[in-house]
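Two complexes are shown next, each including chain A; its partner changes from chain B in the first to chain C in the second.
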Partner chain A sequence: MNKIINIENLSKTYKVRERNDAFLLKRFFQKKKYREVRALKDVTVNIESGEFVGLIGNNGAGKSTLIKLMTGILYRTQGKIEIMGRDPFKHRKKNNQEIGVVFGQRTQLNWDLSTMDSLHLLKAIYDIDDTVFKSNIELFTDIFGMQKTIKQPVRTLSLGQKMQCELMAAFLHNPKLVFLDEPTVGLDMFSKEAIAKFLIEMKEKQKTTLILTTHDLEEISKVCDRAIVLHDGNILFEENIQTLLSIHNQQKRVVFTTENESVDPIELNKDFTVTYQPFKIIYNKVKKAEVHELIAEVTNHCYVKDVSIEGSNFTDIIKEYLRGKR
Partner chain B sequence: MIKKLWKPFKRKLKLYRQYFKMNLDELEVYDKDFIFGVVSMFISYAAGILSLFFIFDFVHEINGWTLKQILFMYGLNLIGYSLWSCFFINTISLPYYIRRGEFDRFLLRPIEPIFQIMMDGFDEDSWGELIIGLAVFTYAWIQLEISVWYVFLIPIIALSSCFIYAGTSIVLSTVSFFTVSQADVANFTFEIRELAQYPITIYPKIFQIIFTFIFPVAFVAFFPSAALFDKIPIWLIALVPIVAFGYYKLSKLIWNIGVKHYCGTGT
Partner chain C sequence: MMRTIKRISQFFILNVRLTFDTLFTYKAATILTFCTNIFIVLIYLFLWKGIYGEQTIVNGYTLKELLLFIILLRVLRRSYPFHISKTYGQLIKNGSIATWLLKPIPIELRLLSQAIGQTIYQFCFSGLPMLLLVPLFANIPNFTFVSAALFLLWYISAFIFLYIFEIIIGVISYYTTSLWGVGNFKSALIAFFTGELLPLSFYPVALLGFLEVLPFSAVYYLPISILLSKVVENAWIIFSILWLSIILLLGVYLSISQKMIKRISVQGG
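The block that comes next holds the complex of A and B.
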């Protein structure tokens, strides 16, 4: 496997003008004060070709800056960054030939014309072969079921359809590397599902490498192999998502719904944490192997109407990591 | 060897064709807007030309230039300007793209951002300006009885002036890479057009220098007309395409410095 993205000790510092509270006219003649904001601090990341990576972080954690540095829109302050073996800033045009980007809030489709018209323009811009162009359009419209919709003016499409068209535009030239920044904001669950399906298909068929940022963490856990969590310009941690899920699902949360409003406390010689609520007993941090025993004990003790065993999902896990960091 | 040279050229040709098609398709969507645009343009220019006749009711010449000669300049200037307006007018939209954060989109594609901006919107209304320019120019040409043989010079001069305007608007819009402000300095290109339709000798020295060396709009209409009217040696016309080409190239270099600054600060 070869590295498609190689970042070492990357930093980016912005200069931000400090607010001056002096009287308006006076402000014009005073020296401007600047404050340095370190958007990224010593970030080191390696991404293998063909990997799907979810970039996670609160607003302002440095996700967009990182993407801008990787696409060559921004110039680094310090450190090393290599995308497909090249400096993304110096070789921006060359790299862009093999990169696809969707910024959720911005469009690369012409509003007044049909998606097909815009795709034809992209064909000329990326110098795409006729055969590749045809087969890709066929493949994409099949996945999304949009054979007719792509001939409609973009203006008349729904938000979900527009985003699906944006994805077609980003993947049209068979890019090796694709960046998706918040592609599913405001979309309904079916559109989200269609997009997830499309991305997984691209991973298998085109061997694309994907960097995805979104605040919908379940989506990342569905699509991506690895999660990178950014916080305040640093990488908080990076981990394979399946590993992360299995580690955290060693412990369960067990909730009993009881017949009586309150029950006498049950004595168990275990280190569970217990909370009693009206009609409910909740056990946290129950090890997988002990769930059976616990249920037996409690059902013995009182009349139980319902039991639910909950694992923590990806969102909970990430939340746990980020809590206290705010 | 030839194949190697031919390939990028062919690609560019394809790009042009696709962008043209797109712009025309867009035009068709707003066809009524197009018609009204052309009509209103006709009216505003008719008023401008009438005012020239009005001025020459009181004076016989301005700085040694007769009405017909001024009309000749006016027409020539308008032809070059309308070509610029059709193909390059979007270069003045740079501040708009930067403020809306849309400039990044151009940086993400494998072709020059400046080319994409130019192609992103044509102003088809300026076909009206071109027609008016040609009409006034032809009228003055016949009235002044200039030799027919010079007709061959016209496409060269017109194209050159188009590129001088392009260079000017590119240089002016570069400012917005540094300021990211509301002030659209690039709109100054419109004012320059108004100034370029009169002989630069009527302006103070400092403006003559600016219009010759900094924004060389004197080469758009003044120098070619003066040469054709034997006010300066005719061979000086050869300077026009040279200045145009050089200035356009230079403007792109300046523009690239702006792009670099933009990428460094991430405004």
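The block that comes next holds the complex of A and C.
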């Protein structure tokens, strides 16, 4: 596979104006004060063609800044950045011919016209062949079930429908690389499911490379191959999602529902963490191999009505990493 | 090369049409714009009637000539791209510029097609109704083919000049973020130098000499005078100044726009 994104020691610094508390006219004549904010610090990332990568991080971690640098909207302060072998700022127009972008909080559709009108405009902008245009519209409307709604004014659509139309617009010209910046903010579970289904289809049919940022971590685990976790402008770690899940699922959470409201503490001499709740005993960080032994010990000690064994989900794993950094 | 030209022209024509359609979506607003412009031009006409009183000629203009001049000036005013700096400024202020910069079409071309779409809309729903007032207040002028062709040449040149002037003002938003002050200053400057409120021949002689070396008289005064087949001294010198200014402004725009784009900071997420 070839590298589609090559970033080395990338930094971005913003100047932010500081609040001036001086009184009215005095404030007018005083020099403005600025503070530097380092949104990204020496970030190095490589992404292969065809990969689906999730960018994860708290608000202000630098995810959106990284996307804007990759799309050539922002200019870097330091470091090297190559998208499809080109500097994205210098070759913005050329790169954008092969890039699709959705910013969850901004629209590229004309609100007063129908989605179809905006798609026709994009056809002209990207010089899309008639047959490609028709087949893509057919495919997208089939996946989303939007054959009729595509012809009504965008402002009359629901939030979920609008986002689905934004995705159609981003994938219409069969781009090599697509950036989705928080595309599911405020959407219901059905809309999220439809979007995940659409992205998986695009991965198979268009062989697109996808960079996705979202706060919905389960969505990333459903759609992406790899996760890059950003924290305070740095890469905290990057890992294949399946590997991450299998490592963390070596440890389980075992929950016992008991007959009695409270039970005497059980001495086990193990590294588990235990919590006693009314009618419940919860063991965390139980190794897979020790689950059997634990169940035998607890059932010998008290009357157990039910047992559940849970693995860590992707959200828990990431939360644990980020919590450690706070 | 041919393919790029074809792609850009297809986009351009479609965006002109879609801009017109977007404005036409709001039918009530269209009707109100129509009425508002009739009222504004009527206010100007009654004001000048009052100023003339019993006099037949003021500053070389009969009342009917001046009323015709005012109507044509108001039609032209609606047909120039004066809103483009505001549109550009708002895109920068609210961060939507990001989605525009992400398209492989120059932002200037997109704004130009939008300006033409809006001009066509404004001419249909503001300009044409105002022209209907001509027979009521003034004499219908005798246009010749030559005067109409020359008028068109002057109008297109002035349109290009104002468009570049507007996008320079718009691009300043990358620096100031808010365009409110700059926009107001620009409007006052244009109104004063172009003779938008008072025909230039009413200005003091000393100021007129200064205005002769600026291209602003080519916005209203000269195109209308040429359309009405009036003899204008030094018209072709001003035409040369106009085109020299266009080249100069284009140079300024090209040299500052890339530097200004580097200043962009799209707020929030």
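Heads up, the rule we're going with is that the second predicted complex is superposed on the first by the 324 of 326 C-alpha atoms of A that agree within 3 Å, B and C clash if a C-alpha of one lies under 4 Å from a C-alpha of the other, contacts with A are read in each partner's own complex, and residues count from 1 in each chain.
Please note the rule applied: a contact is a pair of C-beta atoms (placed from the backbone, for glycine too) under 8 Å apart; a residue touches a chain by one contact, two chains touch by 3 or more.
Not measured: the values here are computed from a predicted model.
Engineer: Identify whether chain B and chain C fit side by side or clash on chain A in the overlaid structures.
Structural biologist: Once chain A is superposed (C-alpha atoms), there is a clash between chain B and chain C.
Engineer: For A:14, select first, second, both or neither according to whether it touches chain B, chain C, the two together, or no partner.
Structural biologist: A:14 contacts both chain B and chain C.
Engineer: Which partner chains sit in contact with A:121 here, chain B, chain C, both or neither? Use first/second/both/neither.
Structural biologist: Both partners, chain B and chain C.
Engineer: If we overlay the two complexes on their shared chain A, which of chain B and chain C does A:182 touch? Say first, second, both or neither.
Structural biologist: second
Engineer: Pick one for A:36: touches chain B only (first), chain C only (second), both, or neither.
Structural biologist: neither
Engineer: Just to be sure I read the superposition right, which of the two partners does A:99 touch: chain B = first, chain C = second, or both, or neither?
Structural biologist: So A:99 meets both chain B and chain C here.
Engineer: Taking the superposition as given, does A:73 touch the first partner, chain B, the second, chain C, both, or neither?
Structural biologist: In the superposed model, A:73 contacts both chain B and chain C.
Engineer: Would you sort A:112 into first (chain B), second (chain C), both or neither based on which partner it touches?
Structural biologist: both
Engineer: Which residues form the common part of the chain A surface touched by chain B and by chain C?
Structural biologist: 14, 68, 71-75, 89, 92-94, 96-97, 99, 101, 103, 106, 108, 110, 112-113, 117, 120-121, 124-127, 153
Engineer: Using the touch definition up top, name the residues of chain A that touch chain B in the complex.
Structural biologist: 12, 14-15, 65, 68, 71-75, 89, 92-94, 96-97, 99, 101, 103, 106, 108, 110, 112-113, 117, 120-121, 123-127, 153
Engineer: List the residues on chain A that touch chain C in their complex, please.
Structural biologist: 14, 59, 64, 68, 71-75, 89, 92-94, 96-97, 99, 101, 103-108, 110, 112-113, 117, 120-121, 124-127, 153, 181-182
Engineer: Report the residues of chain B in contact with chain A in the complex, numbered from low to high.
Structural biologist: Going by the criterion above, the answer is residues 11, 14-15, 17-19, 21-22, 25-26, 29-30, 101-102, 104-105, 107-112, 260, 263-266.
Engineer: Given the complex with chain A, which residues does chain C contribute to the contact?
Structural biologist: 3, 6-7, 10-11, 14-15, 18, 21-22, 25-26, 95-96, 98-99, 101-106, 261-262, 264-266, 268-269
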